[in-house]
Amino acid sequence: SSRYATQGPCNTSKPSMLDFVNKAKWDAWKSLGSVSQEEARQQYVDLISSLVGTEAPAVAAQPTGSTKGFQTLLVSTEDNITTIRLNRPEKKNAITVEMYNELIEALDLAGKDDSVITVITGSGDYYCSGNDLNNFTKIPEGGVEKLAKESGELLRRYVKVYIDFPKPLIGVINGPAVGVSVTLLGLFDVVYATEKATFHTPFSQLGQSPEGCSSYLFPKIMGAAKASEMLLFNKKLTAAQACEVGLVTEVFPESSFQSEVWTRLKAYAKLPRNSLALSKQLIRVVEKEKLHAVNDAEVERLVERWLSDECMQAIMSFFQAKSKL
Amino acid sequence: SSRYATQGPCNTSKPSMLDFVNKAKWDAWKSLGSVSQEEARQQYVDLISSLVGTEAPAVAAQPTGSTKGFQTLLVSTEDNITTIRLNRPEKKNAITVEMYNELIEALDLAGKDDSVITVITGSGDYYCSGNDLNNFTKIPEGGVEKLAKESGELLRRYVKVYIDFPKPLIGVINGPAVGVSVTLLGLFDVVYATEKATFHTPFSQLGQSPEGCSSYLFPKIMGAAKASEMLLFNKKLTAAQACEVGLVTEVFPESSFQSEVWTRLKAYAKLPRNSLALSKQLIRVVEKEKLHAVNDAEVERLVERWLSDECMQAIMSFFQAKSKL
Amino acid sequence: SSRYATQGPCNTSKPSMLDFVNKAKWDAWKSLGSVSQEEARQQYVDLISSLVGTEAPAVAAQPTGSTKGFQTLLVSTEDNITTIRLNRPEKKNAITVEMYNELIEALDLAGKDDSVITVITGSGDYYCSGNDLNNFTKIPEGGVEKLAKESGELLRRYVKVYIDFPKPLIGVINGPAVGVSVTLLGLFDVVYATEKATFHTPFSQLGQSPEGCSSYLFPKIMGAAKASEMLLFNKKLTAAQACEVGLVTEVFPESSFQSEVWTRLKAYAKLPRNSLALSKQLIRVVEKEKLHAVNDAEVERLVERWLSDECMQAIMSFFQAKSKL
């Protein structure tokens, strides 16, 4: 049956990664395994969670702190630096719909405030484990097509704010990074990483496709031969490897990571703000039109993917491979 | 006389690299050396053969095997992988006109078959020694201009099929690669090489110019400073150097090359086919229009080169340098 | 008061980096420090000189040699190589207005002469220390706006000649390189450096912005994460680091630098001239339109910068930080 899942489409009508909670669809899939539907669903969720770094769904995240009214972020401005900290450490900073919206708002504010540089980092051991799968479990009234369209539009707006960000944006990568949190690094100006960090974009494993302008920027940064191994074939990079290919600016020992990086950032934030902002914009402007077009194309393709049989089957195939271990 | 050959045009009417079998033109060149015309011609052919990896001309290649009716290739599909193997090991897999046409056809079929990935590799010790010089020894009725134009059109169509290839294309570089077999690597998605492989594009040495979209892709992959040393100044790269600059994805010890690489490829071929194909197309589409324009410009320049005095003289100069050893 | 200088604009009318010799403007700044105006001016000039590699102003440079009527360059053609040597070693080869004009003329001539390759290098210990600050001390009748506009136009024409250069251009980097002498390296075809060389673009430190097409080419060569650390945050690269990111083709031990490099260059210069020139043009043509647009945008931004309060304040802030040591 695992051969079935990897080799051909099943004949249910429009199964989708997005509607795996839809009972009707699961009847078709139930027959593939020996587990009960509820067991299957739970195992599936566990698998996805382990892949994308989230834990069991349904329990609302309890942010350990918040500023400026954000629920999923800690945002503060000090020494001319606005720091946006992903703050769902118990979920490995997986990005919920709420966090996407809050990040868009926080970045919008940071772009306009009087800070000189903006920093994104994570709370806890992870930098960010990518999309929170719970985003895909609440099917709205319009069905999975509506959910896919809305998710795509949210992603498009999220990436757009990185493309248009008007001052230096610095990633402080405190641990493993997965999915969209990796692909977006091509739109940062500087990326400092702890030696513990890893960089993983397992898109095809889940039947999906790259976003965050990585389909354009990764080949530009590291050449197609290295980019495709990441974006097509799920290669996970160590921090040192990510630095070698130019995705990361510099790697630091875990023991001195925070102190070394923040010493630098504080020095950067004393530099002339307009000189920095205008220089960054000069670098970005020549690519901006193309980046917006790439973002649109990537989102369009991803929405198709989310609604495809293959995407559902890819996830089922992984689930079944795991259930047999 | 060797000084003469490197420093100025001779005054024969339109001598050309392409018509070195044309007796009339050789009268002019004969005077440059002490060897007889027939000796000169043989030495020239030997030299060129050694440079581009071919051996004595005129004897038709005996393919050691063939599938699907190909004479110069072994093509097979297994485990969702279509493998195209250059199969003239006794000629170091030099590409004849026939092989160009067969490669175009084999790639066209591989793009449409139900394989998930396509692999190109070589039989024997070489990956590919580039153009087979015999391509230039059969002057058609229309003369060298016609030959140059036809050769250019063949090259243009050959590169085009790489630009448009719709699924992941992986190079398994089993030994030295020369000329167009190197320049085309920028259009592959992943390139795995044995430590024995080398990468050499001696265009200017032969009075020619780069193709395969390398004039655009090599600077994009490795920066102009490294690309120009290869494309203008004939620097031969080791496998490790090619990996460092991003032309090669990863290098393997010769002893474990085939087993390590094919283990990976078989794993890749189990990934969701549409996800892979659509992701690869997403990466390619943003550059496709430019790549076609670059291909056209490169071919146009190369046709001019083939018909130039300088190209003929460059080859003669090498020949004379060699004849004096 | 140093806090004041870094955190907010002063309220004098249009102070500028360009008019620091204008007494009226200095009255406003004089109150910031405890030094007298004349002391301040001298310390300022000393600081700038130390930053950009020049020495005390006002004394005209004494070229140690000249050819073809150049005052600031040594230009010669031998073995098919035209060599342009920056020749103000006592000023660390800082580029005066006169040297900019002579470089434009020398490159124009080298592009048209019958040499096969053109080389730029420096006399003495430095390759080039960037702009000579004296360029900014002679305010013309039209005031600082006119000086800024003219300086911008000179820079635009200077970079343009690199973009349009029609044959291989090779940098022989004999020592530290600063500012515009670094940013222009992206427009060279090959860059050989001694291990002693360093590469420094301290634009934001002085309230300025990048030029020489580096805002486009540096991210293309090394990825944004490495490029921004140089162009925004003033990171100085060693020769080995510059080679790793692809800005430099190869690094040589100081002891054998000149002999190894010139052996290679002489070999290159024996290659077919048209093949080299046409291949180089093939590589450049696909980017040429964009490079000219980038040059224009960079110059426009830099002219704004030169006239900005912030640029003046950045320099004053450095001056004051230094005066307190």
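For clarity, chains are labelled A, B and C in written order, and residue numbers in each chain start from 1.
In this text, a residue touches a chain if its C-beta (ideal position, glycine included) is under 8 Å from a C-beta of that chain, and two chains touch if they have at least 3 such contacts.
Keep in mind it's a predicted model, so treat the numbers as computed, not measured.
Trainee: Which chains make contact with subunit A and with subunit B at once?
Mentor: Touching subunit A as well as subunit B, we find C.
Trainee: Looking at subunit A with subunit C, do both copies bring the same residues to the contact (over half shared) or different ones?
Mentor: different
Trainee: Taking each chain's centre as the mean of its CA atoms, how far is subunit A from subunit C in angstrom?
Mentor: 40
Trainee: Could you list the positions in subunit A whose residues touch two or more of the other chains?
Mentor: Those would be 220, 222, 245.
Trainee: Any idea which subunit A residues touch subunit C in the complex?
Mentor: 168, 185-186, 188-191, 217, 220-222, 245-250, 264, 268, 270-276, 278-280, 282-283, 285-286
Trainee: In the complex, go through subunit C and note every residue touching subunit A.
Mentor: Residues in contact with subunit A: 6, 203-205, 207-210, 215-216, 219-220, 222-229, 231-234, 245, 290, 293-294, 297-298, 301, 304-305, 308, 310-311, 313-314.
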